[in-house]
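Take a look at the structure below.
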Amino acid sequence: MTTTPDVPGAAPGLSVGMVGYAFMGAAHSQAWRSAPRFFDLPLQPRMTALAGRDAAGVAAAARRLGWDSTETSWEALVARDDIDLVDVCTPGDTHAEIAIAALEAGKHVLCEKPLANTVEEAEAMAAAAETAAARGVHAMVGFTYRRVPAIALARKLVADGRLGTIHHVRAQYLQDWIVDPEAPLSWRLDKAKAGSGALGDIGAHIVDLTQFITGDTVARVSGRLRTFVDERPLPAEHAGLSGTAGTGRGPVTVDDAATFLADFRGGALGVFEATRFANGRKNAIRIEINGSRGSLAFDFEDMNLLHFFDGTEDPESAGFRRILVTEPQHPYVGAWWPPGHLLGYEHGFTHQVVDLVGDLASGTAPSPSFADGLQVQRVLAAVERSSDTHSWQEIPA
Amino acid sequence: MTTTPDVPGAAPGLSVGMVGYAFMGAAHSQAWRSAPRFFDLPLQPRMTALAGRDAAGVAAAARRLGWDSTETSWEALVARDDIDLVDVCTPGDTHAEIAIAALEAGKHVLCEKPLANTVEEAEAMAAAAETAAARGVHAMVGFTYRRVPAIALARKLVADGRLGTIHHVRAQYLQDWIVDPEAPLSWRLDKAKAGSGALGDIGAHIVDLTQFITGDTVARVSGRLRTFVDERPLPAEHAGLSGTAGTGRGPVTVDDAATFLADFRGGALGVFEATRFANGRKNAIRIEINGSRGSLAFDFEDMNLLHFFDGTEDPESAGFRRILVTEPQHPYVGAWWPPGHLLGYEHGFTHQVVDLVGDLASGTAPSPSFADGLQVQRVLAAVERSSDTHSWQEIPA
Amino acid sequence: MTTTPDVPGAAPGLSVGMVGYAFMGAAHSQAWRSAPRFFDLPLQPRMTALAGRDAAGVAAAARRLGWDSTETSWEALVARDDIDLVDVCTPGDTHAEIAIAALEAGKHVLCEKPLANTVEEAEAMAAAAETAAARGVHAMVGFTYRRVPAIALARKLVADGRLGTIHHVRAQYLQDWIVDPEAPLSWRLDKAKAGSGALGDIGAHIVDLTQFITGDTVARVSGRLRTFVDERPLPAEHAGLSGTAGTGRGPVTVDDAATFLADFRGGALGVFEATRFANGRKNAIRIEINGSRGSLAFDFEDMNLLHFFDGTEDPESAGFRRILVTEPQHPYVGAWWPPGHLLGYEHGFTHQVVDLVGDLASGTAPSPSFADGLQVQRVLAAVERSSDTHSWQEIPA
Amino acid sequence: MTTTPDVPGAAPGLSVGMVGYAFMGAAHSQAWRSAPRFFDLPLQPRMTALAGRDAAGVAAAARRLGWDSTETSWEALVARDDIDLVDVCTPGDTHAEIAIAALEAGKHVLCEKPLANTVEEAEAMAAAAETAAARGVHAMVGFTYRRVPAIALARKLVADGRLGTIHHVRAQYLQDWIVDPEAPLSWRLDKAKAGSGALGDIGAHIVDLTQFITGDTVARVSGRLRTFVDERPLPAEHAGLSGTAGTGRGPVTVDDAATFLADFRGGALGVFEATRFANGRKNAIRIEINGSRGSLAFDFEDMNLLHFFDGTEDPESAGFRRILVTEPQHPYVGAWWPPGHLLGYEHGFTHQVVDLVGDLASGTAPSPSFADGLQVQRVLAAVERSSDTHSWQEIPA
């Protein structure tokens, strides 16, 4: 019997502290745990500490999720000398405070999206990130879906010129989890906590993804927000998505759905829709890009597929290709399984860890940056203003 | 040997005269010819006369398409005593003149969509239709896609309450026939002839179809038109879609693509897109409706299918149903083939004839009426104004 | 007003007499009627006479389907001097007698599939066809699905070498019309009339189609027939597919389903299945071909699509292409509608008329020949023998 | 700061030793690591030891995969007192020896499929498992795909009677990884190591899955094996699937493809196909079940979907339902992510650990047992005999 050394290989460590342990905390934990098992990482992540306000809750979460120790405040976590990176998985109203403090304390930061609940907070965060970067401390916002292999392939095909000039961007993020008017209120339906509703929670993703894939940005928007159900049962207790109803009703203060037209700076026409009321659609991130040379189509409900039309082919045998993005040639895929063995939702988080760790080791600024997160925030704010004022709104370049 | 009597059964005749013999003329001819072979019609259509300006052209077309005689002006056709119904298959700039004259001459009228190139013309036509109706002379506008069985089934499911309250309407009409910037000018790219581009040619269909399926109407819009290619080669000669390029270039005076947000009067949020630049999409009329109890999805590139999600089912076995709309229980289908034997594009035109002839025989006002066509025209005009003024535009109720 | 001449163009006529007027008779009638309206035919078909035993029935059918005259026996039809071609649309037990008589009378023959109910009859028919051909009288068997554009394209891609060496042939013809054990007996379930059940009715199609697409033939088979429901209600009267049940029950004397393995002479492994018990599948002719360079997949429930995988492409962007077979470059399609406008079931019959008329005009032997029909019959007979004897059975070359 | 206790909760431990660390070893490691993070396990797995013959190789693998210690022989692993369960991930020719020794040493055993390379070995293993079970020592064979949620749901729907009497079973396992004749030899193409080719490697899965879903077993088969490429380049070194070619060529001694017909004891007709030559299909496990009340269809290339047709519905709105198997109501799914967030290939292995650990804690015999694995082996052996003898072969009940 030979005992396996504690640290795989000679890689130096990267000590991670995470704040928050709900849905996103579970996903990030699996990523920190899995990344070094499948990828050769130049830094070896350690799941050092988990912070949360409730002592019993955070202790149970740490046991379950595999964190070595716990703190009952994010401030205590940020103050620890043995933490290299703070991973922010809390609701959006706390992002700015935690991330800025962590950066100022010299910790790298991975912050869940949306970057913040307001443009002002996002601006402060981007400024803090810029200052920190000058000291070699880096920040990244967690638009994880960029690391889905089919999305990364989509970006590559556009960058390689396979689509030519982009004419159309069509994106929808469709869910249905509150189509029942008796589904109870959650923090996600509370503007104070969540900032906005479908727009910020899921609309943010399709703004980021389409800008990422096209390499272009949105210049102006005309938008329409709608709250179909104004009032809902209060939850029985601190309830998440699956919370049961309690007594009394409370107001829904965010949008249930957001639609908007967009002009991209490069000339493409965009049409966007984010909703929690698309009955039967569970997590359908659907993106289509039409260009002068070809087209792409993607649906997260079939996340291992990318559909590609090559408009330069002989029409006799041309057609949208159903690319099963599980080949060793595809982004991220070679580290996992043989062709045809699918990846799932959480793999994007693992890829995020891989890219982030690689950037930190090489001193490269990770992407998407807080500035990228701020730019998305500005698009979302413009959509809200547009809906309020019934007018087109410009996004500053 | 027994000679078959000339007129099938004892049905009285309906003598039809058609104006125009291009794409739509061919489709209408096949419909007039086929309808009595598969359906029991209370009036027996006769393909009496075809009108067109070029004597040789109209004669050749009449031989090929099966019309008994020809006229070289629509005025001559309208003047004939032996014509009961005038079928208008010409470009949109001539619809008003021909249709109004025919109605005034006491002929029923079937007029291709869009009803006219301007709201003013459409208003005159609707007024003429109303006047004629008082005399028992009827008019119908050819929004044929309503008669695709899957669309008729969609309408039925909504009317039966299977979708509940409608929250979302999502509609696209995607083509790619001029994505090549060297595709030559056709009359469809000339505002004087065509009125508008993608908006009026194909956007009109998705406005009509979504209003038809939901039983609701659009109240206001925010739209964006775009012409991606401003100038194109002049066609070598009188060229249609497949025209070859000649010498010189001319301006494109219509939109290549139109996008718009819409509020429906009943509260649904609409998102619309019509384009001739969606590379790889040939004739993709895609409609999705999300309601409080269920959802529908349709794509004309799979026109025999309707996808239906019943949100009241047990989640364990709920899912979008791929309904193959070829059962005897489905609208129009029983007259054709056994289950699983598909219908094609032209069958909608045959069903249009069937419904129109039935209405004429019973004295019922056919649907969609010229008033319906006018309403669609008003939506299209509002989209154009919205795009010009960068503002939301109301559609009069 | 100019009267359109009776015969389009200067094409000489082809006078057709049809025997039988049920499902196939309706489809053939539509084809004879439509072909000259969309295609330039070198001979102008005339729908001269329809034969059927019941005087009233055949008269009504002739009126509905558009035949100029009627006969109450096929013998009378075959005896007429004004008939150039006999189109045989009766059940299989009458094919041999009618077709041979017609050929001997100097009439061309189009005979529905399966060619006959027994190999012996099929041999006699093939011999009669060979004799007639020496006199310039031609015969064709109606394996119509060869003329579906997607199937014709599949054949072309294989012939062009796009698939390389064929390794696998996978074919299913799935229906469900008698899955209900209370569905009544029809002539199709009576061995004396129909010869066999799923095997001959629909299995014949997938044998023919896979041999056609691959350009290869089946050498030996191991098969299994099964009758799941042995006894069914007698029909109330002369009932077809939709017959209602009467009193009493009768035996099902044909197979409900047939499965078989096949060796193709060229080395491919074949797997075949034909059934009327595949709940939810209405008319699913599903064919997949896997070769050393590429693959094809087709499903008749999406008959305008062909899926093609080009194995020589860069794996990064390789995938099954969804070819919408509605481009002018595709077989038969240019005569119909613009790209993206689908064809339906009956169009294959029209294409069959087009090809047959072209061959007759040029004196070419039409394809598939009676010899081809005989070869399919031999495969079917070998499957039956194999099922009876539990052994592999050879098909003579 | 609070240190997280080493063992989550009060669960007793389950000390695991694994033999082999290639493809399956990586998948099993991820499962042992992830299961306790998402599920409440009654026993807490510890990844105690990894065995492999090459000291450096096994050490590197243990570091990467996360095993606490290593052994350079499986005998040493089996001899250790601190091991509760042996997880056998080696090629099939070693399964019998290792598994039997481990059972005799009182270790529970999880053994990868196929259970063994011969029926004789499998019989010895099943006998050893039976003996061990009497002592409370349990064995399980790793037919992991049973734990894909869509497959588990399929089993449930059949068991609930939603399909009625099963008429048809149609199963294919299609890959294409050696369609290139220059792909080098691997141990999987060597009969001595692998036992058989496509038949045992992937055909085993579809035999197990269809028997599992239907709750029925195969009674007799008629099969056809084929080796399309008899000779291949020798690999440059110890090469796996992605091995590069060296010098010289060697014989392929296993089947490239296997097809067989099957009778199920309950009366269903089965058609099976397993191949490594289906160009463009990467890991397509496709299963269709047709019953008197409904049908199911599954494709592992879309592994989060199950298609279900309910034949008892009104035909107007009946159709195959695309069930996205990501609802909390679905098997295993509640422990993971919200609806619409997909699972991947490796999750099946995690579910296998969950079920196995639960059974061990409760003293229940885990399923599938070695007896189940033996039965599958007998089916595979019957297919081989059938192919050799060109006859149907019975499988003992």
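Each chain gets a letter, A, B, C and D, in the order it is written, and its residues are counted from 1.
Note that a residue touches a chain if its C-beta (ideal position, glycine included) is under 8 Å from a C-beta of that chain, and two chains touch if they have at least 3 such contacts.
The structure displayed is predicted, hence computed values, not measured ones.
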Selected from A-C, A-D or C-D, interface repeating B-C by over half of its contact pairs: A-D
Label of the chain whose CA centroid is most distant from the centroid of subunit C: A
Of B-D and A-B, pair with higher C-beta contact tally: A-B
Between subunit B and subunit D, centroid-to-centroid distance (C-alpha), Å: 54
Interchain centroid distance [CA atoms averaged], subunit A/subunit D, Å: 34
For subunit A paired with subunit B, centre-to-centre distance based on mean C-alpha positions, whole Å: 43
For subunit D, residues that touch 2 or more chains besides their own: 281, 318-320, 324, 327
Residues of subunit D that touch subunit C when the two form their complex: 167-168, 170, 172, 174, 176, 179, 181, 222-224, 226, 228, 257, 259-261, 263, 267, 269, 271, 273, 275, 277-281, 288, 290-295, 309, 311, 318-320, 390-392
Subunit B-facing residues of subunit C, complex: 1-5, 8-9, 23, 26-27, 29-30, 33-34, 36-38, 49, 55, 59, 62-71, 76, 80, 175, 177, 241-242, 281-284, 300-304, 324, 326-328, 337-347
Interfacial residue positions of subunit D with respect to subunit B in the complex: 153, 157, 162, 306-308, 310, 314-324, 327, 329-330
